[in-house]
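Chain naming follows the written order as A, B and C, and within any one chain the residues start at number 1.
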Amino acid sequence: MSQDPAIRIRDLTKTFGGERRLFGRRSHAVEALRAVSLDLRRGETLAVVGESGSGKSTLARILVGLETPGGGAVEIAGEDAARLRRKGPRAFGKTVQYVFQDPVASLNPRKTIGEILSAPLRLLCGYDRARRETRLRELMQAVDMPEATLSRYPHELSGGQAQRMAIARALAAEADILVLDEPVSALDVSVQAQVLLLLQRLKRELNLSYLFISHDLAVVEAIADRVAVMHFGEVVELEETRTLFATPVHPYTEGLLASAPRLKRA
Amino acid sequence: MTAYIAKRLLAMVPVLFGLSIIVFLVMALIPGDTATAILGAYATPENVARINRDLGLDKPLVQQYLIWIGNVLQGDFGRSVTLNRPVLAEVTDRFGATLILAGTALVLASLIGLLAGIVSAVRQFGWADRIITFIVLAGISMPSFWLGLLLILLFAVEWRLLPASGMTAVYGGGGPADVARHLILPAATLSMVAAGVIARLSRSAMLEVLRQDFIRTARAKGLSERRVIYGHALRAAIVSVIPVIGIQAGFVLGGAVYIETVFQWPGIGAMMVKAISTRDILLVQGGVLVVAASYVLFNLVADVVQTLLDPRIRT
Amino acid sequence: MSEIASSSSAAGGGARPPRRLSAFALLMNSRLAAAGLILLVLLCLLMLAAPILPLPDPDATAPADRLLRPLSEGHLLGTDQLGRDLLSRLVWGARVSVAVGLAATLVAAVIGSAIGLVSGYAGGRADNLMMRGIDMLMAFPYILLALAIVAALGPGLMNALYAIAIVNIPFFARNVRGVTLALAHREFVDAARLSGKGHVSILLSEVLPNVAPVIVITMSTTAGWMILETAGLSFLGLGAQPPQADLGSMLGEGRAQLFTAPHVAIVPGVMIFVIVISLNLLGDGLRDALDPRLRSGALSRPGPVTAIARQGPVPENSQPEAALSVERLETGFSAGAGRYQPAVRGVSLHLHAGECLGLIGESGSGKSVTALSVMGLVASPPGLIRGGAIYLGRREVLSMPQTQLIACRGARVAYIFQDPLTTLHPTYTIGRQVMEAVAAHQPLGRQELKARAIALLRQVKIPDAERRAEHYPHQLSGGQRQRVGIAMALANDPDIMIADEPTTALDVTVQAEILNLLRQLQKERQMALLFITHDFGVVADICDRVAVMKDGEIVETGRTRELLARPRHPYTRRLIACVPEIGEGENFLPRVARLMAREAREISA
């Protein structure tokens, strides 16, 4: 079917700083994004890789509406992002959701998991109490956690458990586009593998589309269908995962691949 | 660096401007009639009207402010009704005495406070720490004017060691040694609270710094414990203590109001208390403005010192 | 502020119901705070009971009984210059003082916190405008503004209350704004926004609960001040006006009789002192109870060397030819009340000259504690070495006198730490920090030191070393900072270098450069390198041998190639299986899925 892509980005720019100060001089300006164009197709996992300062996190924050774009066009699920934003946070949150890098920091320390997960169910989906209870149980099942977790506070969970809760919150909104900002890089390897498995299963079961931000090439190769390499605010290469890893074209991509430590298993 | 200081000086202008507006407004919004207050029993309608005209009180507020600030900028703070002399002359006379008292107290407080805080942190949970912590707690919980009275009772009345009041002896006084003798009790009293606050803050700043990663690095390099504490840790802790000293300068200047009253030190604080009870508005206005402006200036100095010590702010 | 990473409950996870210490229990743990609270409660009861206590009328004058000394008949605390009973006046006056002080605190807290919350959350222009206003108020020396306000409103108790409250608004506004500003950019606030919450809802239900402790702390630490200031204004005759009396005005009136009847002035002063000190004790206790950093005891001062209390005999050096031998090391943390939480349990390691040994494990496995134990760098309290031995050649480190151990640091064993921004001193130039490392062990003149430092910076390939030496750490990139860390470690040609996750904070390309540099330096100087990491890729890249740690124990040691290819211990096998490898691609997840399924079967079987 000829559907709109989940996300369509055209010539997106963003500059931080550079405002005029009180006494005339401009503050130092940083171009975080310079004319980025990308499509996230329905049902695919598109990875965005790059080192610190490449602009990948800025891109993610713009896509979920936490940052305003400087210029260019963003369409989410076929709708202009600016218009979506004007419709209010509800419309936006129902369309695209975000999973943060630091799972513990993304959960309010003074609220129980149940309270945190109820917010999107109540505000975005408009469910009544009974429906919310059912959904909370379903969500816990979906992320393989016991229901008792709902009465826990975030600091009582391990990193991996907290990240499952953050994923559950994103799922609660019933958006089918997820932007995942380094979702496994704060986790130990064994936990990381489990969370990756969970993400893959959820994607299949719920028909989700992932924009997966990461700096870890091996993780990206394992989970992504396509990869975009970012460098200083630009997409320098965008290719099918297999092709990119087999025959990188851009010298920066080549450098990245060469730098990545390998196990060299015999 | 000069550019930075120039920028800070420039940034002072709006602050001083705002100060003058607040001072002016507070005084202009005084309920009741200034003229009536001045004239007392002689407040016939004609006299009131004449005074209002003389003082410009019949004009709109903005115009009154502009006239007032214009005069202030030319050094004319008006004339004190009760003392019958120019406000500026009285304020500058008094301000010198306050500076001697507050300056001494602040230096004392900074030295004692820093020292006590460091000792307390280095000997954490030891006896020195406990004693210092207790003294500091008692010091900041005590009304300073009451401590002043106790000190007078002990040192002036009971033991007759030091003078109880004034800045100079009535007969044959006035030399620096005489002023210093008169200074001891009020300066000690005034420095107490500030010393306590500075001690607390330097203690916690030191403890905080001693937990930092770069202290572990210094230890891993094989530096002696003395160098680790009095070189690395103290240097980093001082950066966060300096602004506290800046803020304490304000407390010392304010606290001088009580101490000057208790010890009859001829400073600007005692002057203002008297001016408030006699409703000598122009004198209060002038006093507040001068003290506040000097405080702003002092904080600028504290800022610059901090910037010199901390390269991270500089760039 | 809200980083409540209490290690005890984090380990509990979702399975076991965690222990939650209430703030009240913590408060009562502190003897001083409890004393303050009890004193305050007693005082409050006394003041509240004033109308029903058998006290004479506080305003009844009796010229015949003027200035009676304390303990006079019928007047426990004596009388004042008008013959009024001092005890009665004291109780009634304290009621006024405390009521005014607390009311002022409440007013200042509500208005100041509201300003701070809105200003910190809104940010931008609104924040700027509000804070400039607050700065303006703060530009007045503290009491001066109160004086000006009283001057304008006229003397009187209510006016004093307004003045004190207004003067204290900036403190609340500033404190609350600072915390709010930090919170407003926290990820959970963003997350709440994405959950569909509006600004008001976020401010009230997400931000405020996290700011509330700060408001409570600020209130409890300023309430004493406000009572003092109200008393001060009354003392000056600008607060309570006769016949109304508070403690301050009693003191002020008593001052006239200071020389003849000092008790009239001293008694109310004592009362103020007792009230304020009990409030301050309680306030300090509250702050300690609500501030999570203090809760974990994190603010106790670490000593120069880890505390050593070995139980049992000192183990022999089983490989005397090794450059560094760690024998059955037991390190842990004392958790108060004689409790001890082990972090390293009987670890033995042998590191030979010219070799690189990797120590790998997941977070909490005890690998960093092992590394820091070697030179007694585990912060104590709470760190504690309970057993084992560490041999540098023939000498045993843990039985050395402190000065000798410190002399070994940097000279024989040097460290490189993880985050090069926090591990370098922020206000010293990097040149100076390298010079210091040299000077700690070599008595050289200033010029020589400088030349040596610059040579070291060149060795670690810092371009333009001479100019760079004048820079501060924050002016360098992460990779360059780590090079400075390496230069400091090299300063005295150590036999052993311990690198604790030296590349974890760096990007992959920079990581590769730093690893290359380390490898090259190690080969050139035939140094022994102990490399702590959580990354198998890094281990494969640089280590000759590797030891795998889990829960404080080494589960497997072997040559890197063999261990990676044929891990023997199930934990190692699982760990390696979970590492995705470049080139493995989409096969990785099915492989892990099979592994996890097999494990699940094994557990259920």
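Methods note: contacts are C-beta pairs under 8 Å (C-beta built on N, C-alpha and C of every residue); 3 or more make two chains touch, one makes a residue touch a chain.
Model, not experiment: these values are computed from the prediction.
Peer 1: Building nodes from the protein chains and edges from chain pairs that touch, which of line, ring, star, complete or other describes the result?
Peer 2: line
Peer 1: Farthest chain from subunit A, comparing Cα centres?
Peer 2: B
Peer 1: Between subunit B and subunit C, what's the gap in Å when you average each chain's C-alpha atoms?
Peer 2: The answer is 31 Å.
Peer 1: Roughly how far is subunit A from subunit B, going centre to centre by Cα mean, in whole Å?
Peer 2: Once rounded, the distance between the two centres reads 54 Å.
Peer 1: Could you pull out which subunit C residues touch subunit B in their complex?
Peer 2: Against subunit B, subunit C makes touches at 132, 135-145, 147-155, 224, 228, 231-232, 235-238, 248, 251, 255, 258-259, 262, 265-266, 269, 272-273, 276-277, 279-281, 284, 298-302, 304, 375, 377, 379, 403, 406-411, 414-415, 417, 419, 422-428, 436-437, 440-441, 472, 474-475, 485, 488, 491-492.
Peer 1: State the interface residues of subunit B toward subunit C in the complex, per the touch definition above.
Peer 2: 14-15, 18-19, 22-23, 26-27, 29-32, 121-122, 124-125, 137-138, 140-146, 149-150, 152-153, 157, 204, 206-208, 210-225, 227-228, 232, 235-236, 239, 249-255, 257-258, 261-262, 272-273, 275-277, 281, 284, 288, 291-292, 295-296, 299, 309-312, 315
Peer 1: Once bound in the complex, which stretches of subunit A touch subunit C?
Peer 2: Listed in rising order, the residues of subunit A that touch subunit C are 51-52, 64-66, 89-90, 92-93, 97-98, 100-102, 104-111, 116, 119-120, 123-124, 145-146, 148-149, 152, 155-158, 161, 166, 169, 172-173, 188-190, 192-194, 196-197, 200, 215-219, 221-223, 241-242, 245, 255-266.
Peer 1: Using the touch rule from the top, collect the residues of subunit C that touch subunit A in their complex.
Peer 2: Where subunit C meets subunit A, its residues are 2-6, 9-10, 12-14, 18, 186-188, 190-198, 206, 209-210, 362-363, 507-509, 511-512, 515, 534-538, 540-541, 561, 564-565, 574-576, 578-586, 588-589, 592-593, 596.
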